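Chain nomenclature is as follows: A, B and C, assigned in order of appearance, with residue numbering initiated at 1 for each chain independently.
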Amino acid sequence: MSYLRLEGLSKRFGDFVAVEDMNLEVEKGEFVSFLGPSGCGKTTTLQMIAGFVNPTEGRIFINDQDITQVKPDKRNLGIVFQSYALFPHMTIADNVAFGLEMRKVEKPERDERVKEMLSLVGLGDFAHRFPRELSGGQQQRVALARALVIRPEVLLLDEPLSALDAKIREDMQIELRAIQRTLGTTTILVTHDQSEAMAMSDRIAVMNKGRLAQVDRPYTAYEYPEDGFVTGFLGKSNMLSGLVKDVSNGVTSVDVNGVNVTTHSERYDIGATVHVSIRPEKIRLVEAESGIVGGTVGARIFLGNQWIFQVDTPLGEFIVTLQNTGHENVDEGHRVGLDWSSQEVRILPQEQS
Amino acid sequence: MAQQQNILTSTRPYLMSAPALAIYVGLFLIPLIMTFMLSFYTFDLNKGGILPGFSLKNYAEVLGDPYFHGIFLRTLWMSLLVTFFCILLGTPEAYILNRMSNRWKSICMLAILGPLLVSVVVRTLGWAILIGSDGIINQALIGIGIIDTPIKLMFTMTGVVVALVHVLIPFMVLSVWASLQKLNPMVESAGQSLGAAPFTVLRRVVIPQIMPGILSGSLIVFALTASAFATPSILGGRRLKVVATTAYDEYLGTLNWPLGAAIAVLLLIANVLIITSYNKFIERKYAQAFK
Amino acid sequence: MNKNSPLALVFHTAFLTFMLAPLVIICLVAFTSKGYISLPTEGLSLRWFRAILDNPHFIDAFYLSVMLGFVAATIAIALAIPASLAFARYDFKGRDAFMAFFLSPLMVPHIVLGVAFLSFLTKVGWYGTFIGLVFTHVIIIMPFALRLVLSAVTGLDRLAESAAVSLGASSWVVFKRVTFPMIIPGVAGGWVLSFITSFDEVTMSVFVASPSTTTLPVRMYEHITETIDPLIASLSASLIFITMIVMLILDHFYGLDKILVGKGK
């Protein structure tokens, strides 16, 4: 049974449609990310769940109760903001205790729970400090502790890690996920960072221009994106355009500028114009004439753990990434062949991205 | 993720501004309107004092009588002089201040802005003590033997201007200084790297950018000088009347309130006109560069 | 930072001397042992400071000014807080006009306000009353109070308030526990500046002064127009001293320039 349910949720600001007909069901204890570029409506959706923005249409249910009309101070949600929004004039302990105070929890129990939560986030010794004395990462944890100590129905995270340095961000992602798993709190994360979303979530909800483009497990969404937008947002891909030549035995053959690209699909009819997409890491470099298509290495970039190749072919420029397995690779200017398995080719409808 | 309020239908902001609004309307607007009306009344001691009615007699008197002309001109001249010196001395001071190390900067700021926290009466007293015929300056000069008879500075325009410059120059320094804060110091270096001599850099790069600060500072100084009361009264004496002291005389001396009101209304109109047109001028001229 | 040239430093020193000379001279003269304005060349004497205490006129006026400043500043701040919150939080019709209106006393010369208030107070029978005097001062200091409280409110972290709401706080609790504590520093600065402005005000107060509503600056002004003696110098020196302390405190907590930017138009 779904714990958090969004039904037909829409938000319009005058003529501008921020969120359109959103339907989503989140299980108890699930970690779901709203992922998309700025302006896609993910933050507005979060604000509606939190109660700071009134939906134009639709309803929100938590544990089967319709909370659409409930005021934000009565929804019992935990919110962590991008800027942490700690109370600067209160100590860390008082910050974390605030929600419990509002719930009229007695002082002894309050102190106990605050202490517990602070040690859970690794800030046990900081109880009497003030926010300005803490680093960004530490303030982040205080914000998290403050939101979790009240045992919220749902935890809402609004781009909580974007203000942190890259290294700390990675560590926090792991920690956050561990804490969430320990407590089993249903969590919604809003982010524009696809690797963050995929790293932390049970499912990701990719949004584009106010609508849900795809909701799936990270692996599924990445490997089987439903349209060009999701493909491009979750990772790099080589997009080709062609005409369906043949469909038989579960294999579709697409003619891309004279080259035959096969893929395992039966969704499209002969004669349809489609996009085919192959992710860079799925391509192998082979002898110049042995691949599906041949080309010349235009540029080669070394990133430490991987190589990126730009290969100019008759079908256009291909991006290929290879793990750094220890030996030097083909140099710039050399001819190579590109090979891949038809299992890795995705066929997508021809549309705007 | 702040709370969104319904923009038009909420009465909250109006309720929250209401107390202040009520005070303002009742105790600010109404007195001013009353004064405006009062300026049209006439005054005749024989008939019992203030006579309500509608007459332009007071305005005719103020605007027509050469006595009043002299006072307006003197006030205008005084304001121009004070503003001129404040610009001349205050602008370089702000610039120099801006270039100091932070420690010195704060100390000097205290010395320059501190006097603003002291009543104008006290500051003027200091000048009175300094420049009087038996004031400290004269006592010192006579004592050393440089002069035999005291230099007359008290009850002269010079004395009043000097003291007013002292009272008002902090506003100029503040205003120019605020403008300087928005200045990118690298721009000066860029000018020099392109071959401009330091003075040229000042003239062509710095001053154009701080012009808004200079202008709004001079506006404040001019407006405050034109309506100055205590300093011209103490240091100018009976003979150097300015607009403010004249209004005082009519109101509390002669008790001719209608006439005093007319003077006040004219001063107010002049003030508002100068300030609003000046501000529009500054906005128009500098809007594009400094939004 | 480019260094200042020697010429610049000479100018600067002269400037500072100019700024401090009148105040320094007052403090020196205050210590004279003679009965007329003179430097204390024969040693420092406290006779003129003691003389202040024997002068009930000044003492009474001092208390009046302190009380007046206190009450007026408090009223001004109390009015400014809700108004500032309204301006900063809501985009309502007429907001800009309201703002301009609330700041408009700055455009009115104090002499004009004096004339207007005198007529008004006489008309409504408040002339010579403390409450009448208080309200005239409130009008004068409101723009300063409003400016400073508004800047404190504008700089507030709105999300902290949202966080409090999400944790279950009602509007009143949010104001009491989160909003107000966060704006107290700005509000305090506004209060102090309002107090000082009221305490120092002379031009308008001269008009509405009556025997029972004569503030200290007005009393001093009257004294000076009759005679300039060491008594007024010692009184002024005392005021300068107190002001210096307040100034140091203000500068330490806020930075003097930040507070006084509200004083210019």
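Keep in mind that, in the parts below, contacts are C-beta pairs under 8 Å (C-beta built on N, C-alpha and C of every residue); 3 or more make two chains touch, one makes a residue touch a chain.
In this text, all values refer to a predicted model and were calculated from it rather than measured experimentally.
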Farthest chain (mean CA position) relative to subunit A: B
Chain closest to the middle, measuring from C-alpha centroids that were averaged per chain: C
Whole-Å gap between the CA centroids of subunit B and subunit C: 17
Between subunit A and subunit B, centroid-to-centroid distance (C-alpha), Å: 60
Between subunit C and subunit A, distance of the C-alpha-averaged centres to the nearest whole Å: 56
Residues of subunit B engaged with two or more neighbouring chains: 1-3
Of all residues in subunit A, the ones touching two or more other chains: 50, 52, 72, 79, 81
Contacts with 2+ other chains: residues of subunit C: 159, 162, 165
For the subunit B and subunit C complex, residues of the former touching the latter: 1-3, 5, 7-8, 10, 12-14, 16-17, 19-21, 23-24, 27-28, 30-32, 34-35, 38, 89, 92-93, 96-97, 99-101, 106, 108-130, 132, 134-136, 139, 163, 166, 169-171, 174-175, 177-178, 185, 188, 216-217, 219-220, 223, 226-230, 233-234, 243-244, 247-248, 251-252, 257, 260-261, 264-265, 267-268, 271-272, 275
In the complex with subunit B, residue positions of subunit C that touch it: 1-4, 8-9, 11-12, 15-16, 18-23, 25-26, 29, 36-39, 79-80, 82-83, 85-87, 89-93, 95, 98, 101-102, 104-105, 107-113, 115-120, 123, 135-136, 138-139, 142, 146, 158-159, 161-162, 165, 196, 199-203, 206-207, 217, 220-221, 224-225, 228, 232-233, 236, 239-240, 243-244, 246-248, 250-251, 255-257, 260-261, 263-265
For the subunit A and subunit C complex, residues of the former touching the latter: 50-52, 72-79, 81, 83, 85-89, 98-99, 102-103, 143, 146-147, 150
Subunit A-touching residues of subunit C, taken from the complex the two chains share: 157, 159-160, 162-170, 173, 177-178, 181-182
